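Report on the structure given below.
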Amino acid sequence: MTITHDVRATISALRAEVCGLHSELTRYQLVVWTAGNVSARVPGHDLMVIKPSGVSYDDLTPESMVLCDLDGEVVEGDLAPSSDTAAQAYVYRHMPDVGGVVHTHSTYATAWASRAEPIPCVLTMMADEFGGPVPVGPFALIGDDSIGRGIVETLQGSRSPAVLMQNHGVFSIGTNARSAVKAAVMCEDVARTVHIARQLGDPVPIPDHQVTSLFDRYQNVYGQ
Amino acid sequence: MTITHDVRATISALRAEVCGLHSELTRYQLVVWTAGNVSARVPGHDLMVIKPSGVSYDDLTPESMVLCDLDGEVVEGDLAPSSDTAAQAYVYRHMPDVGGVVHTHSTYATAWASRAEPIPCVLTMMADEFGGPVPVGPFALIGDDSIGRGIVETLQGSRSPAVLMQNHGVFSIGTNARSAVKAAVMCEDVARTVHIARQLGDPVPIPDHQVTSLFDRYQNVYGQ
Amino acid sequence: MTITHDVRATISALRAEVCGLHSELTRYQLVVWTAGNVSARVPGHDLMVIKPSGVSYDDLTPESMVLCDLDGEVVEGDLAPSSDTAAQAYVYRHMPDVGGVVHTHSTYATAWASRAEPIPCVLTMMADEFGGPVPVGPFALIGDDSIGRGIVETLQGSRSPAVLMQNHGVFSIGTNARSAVKAAVMCEDVARTVHIARQLGDPVPIPDHQVTSLFDRYQNVYGQ
Amino acid sequence: MTITHDVRATISALRAEVCGLHSELTRYQLVVWTAGNVSARVPGHDLMVIKPSGVSYDDLTPESMVLCDLDGEVVEGDLAPSSDTAAQAYVYRHMPDVGGVVHTHSTYATAWASRAEPIPCVLTMMADEFGGPVPVGPFALIGDDSIGRGIVETLQGSRSPAVLMQNHGVFSIGTNARSAVKAAVMCEDVARTVHIARQLGDPVPIPDHQVTSLFDRYQNVYGQ
């Protein structure tokens, strides 16, 4: 594969961005040790940038990020890529609007995942960001396309940018890596708040049309 | 609107104060990503200073705070103000003694809010600060005055400086922005402690006249 | 009261120590805003050093600590002392071996306190430090000797260096301020661990003679 | 015992490593005050390096680590070694492949330990790292070989690198000190996630052959 000078600059910027975004995973305590990662698509190319496998967050540098093609094969990098590379490559191949993917085992979201139970949409903030429940994907072993396929099939049937893979953890997506990280952060936050709400009773449901109203406004009006 | 030199100095100081107070929201983990904000009234003027919408806490500067009138319209600022500006402006218009307003989705308080359940006053610290239960306000969609009206009507019937808006989160008030932040911090603290107490049984009630006695002393004697 | 040159040096050192120990309260998240304090007896004198009332932990300096007599009256200091001064002075007057007192509303311990339920001794670490359950003291309003008396009467019937005052929070003692802070830290830690243990079933009891054996060893052998 | 120049260099490096690894225990909040420690075997020698007893994590230096023989007797060091030295020495004597041992009272793991309940393997991450449930060892008093013997007998019947000692806490092992620390971090993480999962229902079991498949892959493929 020939990489032109222009793409070089894009890749270089994405290496720095992907590397830096891991500090949001540690800031919000979504990960322990080395168990979580961020990737980004190289826009317009069948390439992605992803964390190396088993490297501590403190030791990450832009240069240590691994450049892979969308079959998950290494194109450039001295280190082996995340063991989640194949799953994330599958997502990029099948969801052309996705520019970033994040994987964590964040505590509360993974607890819902271990019960194979979707997080019900009982918070306005959750309606804003997820537009409904956070759905559950299938149990899938690592090693073939079953994780990637489970992520894609579940997310394509939902407004949610995050999926709880059964007994496993969270995969989140976004138009870029930063928005995928935001979805991972918000997913854990609503997983925790709804868990705690449910411990002492039943949250009040929000009617579907109001969930939709909140979602539409937030996607179009919020922010700068 | 003409802004005189004297008011300029006040606004400049409030921009710095409001900006800086957001670090208390992150210190006590009341907010994730960009989901919470602080505002302050410009004393003696129909103006308020508030966080810009969707900007990360790390990136806030005094200059990026937005000056609005009390209809929530921008008077000065390059950025769009918080999407909660209309609600907070409503509070300033209808509660003349309020000098600061804070909004968060802090975890435990929002869990109570999602069940539409007031936090019972079973802690002396809660009697001190809240003078009784933390009340619940109505479910209200963003976009008109219904959030602002819900906040004001609920707080006017209570000693509490904080209200749990159903399925949504916390709004707190104070004579200035700092005391509104304090109320937001204390609200999450009592929401968490009473939640945990209730998980394993029933807290001992505190008789109403003792709640009142604690509240009166604290409001008049505590601090410098 | 005449304060000699020698006592001056002691007081100066205690001001620095008491001030610095507040950073352990924030490090272990035992306190929010200004709601907790440390004091130390001036050995051999009817004097104590304590945190000023309502001052933020970030703003504490050795000079801002307040010197009081053991009736709780200010001897030296520009600021009003903690509103817990009277209670802590009572402890120093009635427990001559106590050199330090700490007060917090730490979350899990205060949750047990709000149910008026002692923390059962089901952890070896708890046997080491507390020698049995952490006991509950009476509900008592601030303003006279009832809090101090409740602390003293409860601790005199127990090996525990910490007491849960009903609906209120924790008071802990030690031969000096540092050991009282340690007891406050350990009290929250065991309150949290036993709470979590109890959420999913019943901890295995530890027989009394083994609690005693652990306590005796730890008090005599542990550390340097 | 004569210590040759070559072994000196190894011991010096291990002192620095063991000292530094304690910062992972505090980073992940596995320990409070001084209640937890790391040790490492000196490869090829009947020697170990361990934390001194009762010293604050902030005050640890490589030089303050204590060199002991595998009977737990001090070989070099001005300070008394951890009170867990005898138990850890027993592990090194009876498990020749173990190069590092860690002891904590981390909250969620200790909660399971206080109920004498193994943590069921319901997370893929747990299958990866532990290869099955985290087992429970016997109640054992400090002072003879009963803690060490309980650790060894429990771990020898399990794939897990961590054991929950009843009413006590966690001991974890690894081929070196860093991998033992990783096991301690992961043990608390899965103890917390499975606890939270269980609070609202029953996690979906993972069939044994899939646990084995995940364990085998992770031990052989993950990382660099």
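Each chain gets a letter, A, B, C and D, in the order it is written, and its residues are counted from 1.
Note that contacts are C-beta pairs under 8 Å (C-beta built on N, C-alpha and C of every residue); 3 or more make two chains touch, one makes a residue touch a chain.
Molecules present, by chain and UniProt name: A, B, C, D = L-ribulose-5-phosphate 4-epimerase.
Note that the structure is a prediction, hence the values are computed from the model and not measured.
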Can we say the copies subunit A and subunit B touch using the same residue numbers, with more than half in common, or are the two sides different?
different
Calculate how many whole Å lie between the centre of subunit A and the centre of subunit C, each centre taken as the average of the chain's C-alpha atoms.
45
Using the average of all C-alpha atoms in each chain as its centre, how far is it in Å between subunit B and subunit C?
32
Mind pulling the subunit B residues that touch 2 or more other chains?
199
Every touching chain pair, please?
A-B, A-D, B-C, C-D
For the complex, which residues does subunit C have touching subunit B?
32-35, 52-55, 79-80, 83, 105, 107-108, 110-112, 114-117, 139, 141-143, 166-169, 195, 198-199
Subunit B residues within the subunit C interface of the complex
28, 122-125, 182, 185-186, 189, 192-194, 196-197, 199-204, 206, 210, 213-214, 217, 221-224
